[in-house]
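Two complexes, one shared chain (chain A), two partners (chain B, chain C).
Our next item is the complex of A and B:
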């Protein structure tokens, strides 16, 4: 048996392709991000080692703080909307008495399977200052609240974040519904028999039992928000001005538009560390005791 | 007593259906306007069903713009990515879960780290790497990174599945004189078919919709996939919303159809990793 399962040729044949491809395409570039952040580098030559100068420059760059702030706003908006709405929908629909459950589930999830380009183009049309769906709805309701949502520097980042929240809400809903359905019904019924109201029973019993899923949703929403890129690339190009820049967008512009590859990787390196800290913090702070049921 | 508690609050009912409208109506609006002319979209009938179905919008999306080319590129890239990812991941996971060699736990963990690397963040070194391999503006420049970035998640799912299979299967195969390759292809692969189906759906959605890598590595019009090709439509089509809607509807059909046909499998595929990441 040992010889059978320890067949060296088979092990190499099965294992090496994945290890090689993963190392070259995923791990090597990740390490390069940190290494290159120490260089003044235009992507063509070898570059010159400049120590932590890029980081000093980054922390003095006003664009960095704009991008950082926008990443945090973006993450907060999508976390609150996706997890908040997702929770209400999942807990309500987990009640077997609700009619049209299958239809509702499909409705919530459909935007998840669309490409980010289609979603952004669709929302560009919806936000359109003259003909967009949203302004048309206001018009039909007789409210004179015409807005060009994306050209206003104060609202643009929120408008872009809402698009992401709309697209991925269904994903969080599906995760939360799966978690809610996996909780034995006796738990909730016991709480109700004790006289707790339904929402209170959910608050005290169901939601704490779903803490592992909440952790996952939080990590996903917040790191996703901090990394936001495609939405601004397609919808605003970082504008108006620099009002919708995020760190990933800043990195992209530095490298591919200005040719400052070294400085671009510095923003990326900062982002990786930021995301690791957030992931670690969420895992430590949210529901530290693992609940077994 | 219980029946009273089971009844759900009408307020929540309204919320359920209200959000369903928020979630789906924009798409219905898009399909509607793909069949209207500008006058109807902007003035006479912005919300409702088209008064006259203008399929000519689809004809112009297909004939005047590169939609068929984008579509074919997306199909090609997606199919090769699915086949490549699944083959590599199944083999690796089998080896790491069942075969006997030193360091296999470490190897599995090493590959799973990739789940924490968002692709946007490594764009710069990846672009340089692709350039140094002389792959810029080739199908391979998309397919190879797509496979690599899908490996972590796929190996993890297959690994979990292989671990649940009892050892006796291999023992009896060994006693019957089968070699390791026959065991893998004839006994193990059929057993993991359900997870292969799940992962095919997952990789299909990921590859069909991928945007950042395509944006960064493809500039040749003839190689663009749908998500990349459609990003410039707003500019080109500002005067022709109907054709823009038609192109977007065409681009979305494959994933939406797959989802509606296999909704439960798709949701399972998309949420299967939640237990591990985080």
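Our next item is the complex of A and C:
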């Protein structure tokens, strides 16, 4: 193996196809995004170089701040729900005393494999202001809390975020369960001998030892939230008005509805930088030391 | 041995890479060759056409026109690509990659974009050659020429209008006067709400009906409505436009719309009206057929309510909606320019013919001499009588030429219907979007 790794030509040859594909599919379009953000460009003609004018306009655009705020709300909601509930479920299922663990494990993962369109249609019916399940439940409980979940500008972004959180929670659950199961049992046994209750042992032992998985989940949830598009496209069309716009949606509007591809790529460029900063920050702040058993 | 191994591994890696790349390349190459062939199979010329074909209505038009084409121009074979509801994204991508279909159905916004990028064929020469102008209805000439006095598409739709439909029976049964003023509209809302009837249904998830609804109120103050904003002849902050937004905010707050209105699609909103659960409904005149089928002679349309009786009378015949240049256009890069133009013009004429003879609608761009097979519905008869008296029309959202304004008004007018939006926010968002 060492002999093989010493052969730089072989390494280069075997990685070259992937590097080429990655460059063509990811790097080249990313570079194009930054390059085109400096142009007044309608996607069809050559375009005119305008320097940083698009960025200046972006920072003066009210829609940008709405989109940015919504992206942050969306990311926060899904991070808290997916990782929070995912942790509770993972720790519960990792307990060998729980019955029907296999069934529950599969059940929690089912939404992940469903199409986003199917999930959104399901929740659209549940959120319906007139005959939706959620309002009907409130009605049945005698609580006068009927809401216009998706048509109210104040609640719509949270309502859409919950759908995404519900669908992808199973993925985070699976990652966290694998992490919990990989912790050697003697750590928990030691905690038990020291008199720690089950949940205290999890709090003091299991969860800290899962910090690397949390880091990964956090990066996935936050960047996924900032990038959100499909849920709002299907459920609200960015509406009511612009109340569920995110930066991706703003990019879509600028490029495809207004025909300003240059300005659209500016929003995309900002999004790329935002995601990189968040990823970098999480990597620096969370689980800085590698845990080896 | 070492050398042989190196050579073998190099050869293997290269051949794998080459195979992977050539597989991608050869596929796309074949596809391109097929799609741009335009060649003749059995002496026929194949043309690619991009047309609406997604429901019974649009399929009816296309199938009729193609059947007629087979009789008149048997040397032409059409290869259909179904038009996507994607704000022209697919067509723009085709144009960017030099793969635009020979003939494509388009609206004014794309005409403007493709005109700038030289992707659309100017059809003036063919309009003269085929005598298309003589076939146009004089009242619909605005759908033929763009602002630069040239023709880029053969129109067929005509000057369609937005109607405010109502259920006569529900109004009579509940003793509600058909509103002519905003005050009467508020009275109607109160009366219907008290009976558990939704006052007005609108499929506000699609944004164009929201724009039309705003335009209904804006035209009470300025008959040019959203058209004046689109052309820069008026500003969103002008008193009439702000007041129109305020009128809608007040009506929505009073309970005009069903819960979750901005999330209702056509089927859901129309069902409320067709089943007698909603008293009023907003849609284009093409809704007459479906509403008559569901409600018979109970369906009617009212002139739009105005702030007071005087402005109601003054602007009674100023309608929202209207026609704009659009229809079947031809790619500037087609190999068969004249033939594609001829087929595009033929398709437009046959679409109009189908609409008049089979769909019972006289609202088209071109003259139709063939006998009507489906008699007009009574409501269409009434509209046909109103049409010559219409004093002005504006535009549908898809007929707006300023794409920035179009996107801004689509979003802002939907927000107006949410109940958590103010007229000031409406003006600010419109002005911000138009920058």
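One rule holds in what follows: the second predicted complex is superposed on the first by the 269 of 293 C-alpha atoms of A that agree within 3 Å, B and C clash if a C-alpha of one lies under 4 Å from a C-alpha of the other, contacts with A are read in each partner's own complex, and residues count from 1 in each chain.
To be clear about the criterion, a residue touches a chain if its C-beta (ideal position, glycine included) is under 8 Å from a C-beta of that chain, and two chains touch if they have at least 3 such contacts.
What you see is a predicted model, and the numbers here were worked out from it, not measured in a lab.
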Practice prompt. Using the superposition on chain A described above, determine whether A:57 touches chain B (first), chain C (second), both, or neither.
Written response: second
Discussion item. Under the stated touch criterion, which partner chain does A:45 make contact with: chain B (first), chain C (second), both, or neither?
Written reply: second
Practice prompt. Please work out whether A:216 is in contact with chain B alone, chain C alone, both, or neither, and reply first, second, both or neither.
Written response: first
Worksheet item: Looking at the overlay, does A:72 come into contact with chain B only (first), chain C only (second), both, or neither?
Response: neither
Practice prompt. May I ask you to decide whether A:259 touches chain B, chain C, both, or neither, giving the answer as first, second, both or neither?
Written response: second
Discussion item. Per the contact definition in the header, classify A:152: touching chain B only (first), chain C only (second), both, or neither.
Written reply: second
Item to complete: Could you look at A:183 and tell me whether it touches chain B, chain C, both or neither (first, second, both, neither)?
Response: neither
Worksheet item: Touching A:29, do we find chain B (first), chain C (second), both, or neither?
Response: first
Worksheet entry | First (chain B), second (chain C), both or neither touched by A:95 | first
Worksheet entry | Greater residue coverage of chain A in the superposed arrangement, chain B or chain C | B
Fill in: On chain A, the residue positions that both chain B and chain C contact, one per complex
10, 13-14, 17, 43, 124, 130, 256
Item to complete: Could you please specify the touching residues of chain B with respect to chain A in the complex?
Response: 1-2, 5-9, 12-13, 15-17, 19-20, 22-24, 26-27, 29-30, 33, 41-42, 46-47, 88-89, 91-92, 94-96, 98-101, 107, 110-111, 113-114, 116-118, 120-129, 144-145, 147-149, 151-152, 155, 170-171, 174, 179-181, 184, 205, 208-209, 211-212, 215-216, 226-228, 230-231, 233-234, 241, 244-245, 248, 251-252, 255-256, 258-260, 263, 266-267, 270-271, 274-275, 277-278
Discussion item. Residue numbers of chain A touching chain C in their complex, please.
Written reply: 9-10, 13-14, 16-17, 20, 42-45, 57, 60-63, 124, 127-130, 146, 148-154, 235-243, 253, 256-260
Fill in: Complex interface listing, chain A residues touching chain B
1-2, 4-8, 10-11, 13-15, 17-19, 21-22, 24-30, 32-33, 36, 43, 85, 88-89, 92-93, 95-98, 102-118, 120-126, 130-131, 133, 136, 140, 166, 169-171, 174-175, 178, 189, 192-193, 198, 212-213, 215-216, 219-220, 223, 227, 229-230, 233-234, 248, 251-252, 255-256, 261, 264-265, 268, 271-272, 275-276, 279, 282-283
Fill in: Footprint of chain A on chain C - complex, ascending
6, 9-10, 13, 16-17, 20, 86-89, 92, 95-96, 109, 113-114, 116-117, 119, 205, 207, 258-263, 403-404, 406-407, 410-412, 414-421, 428-429, 432-433, 435
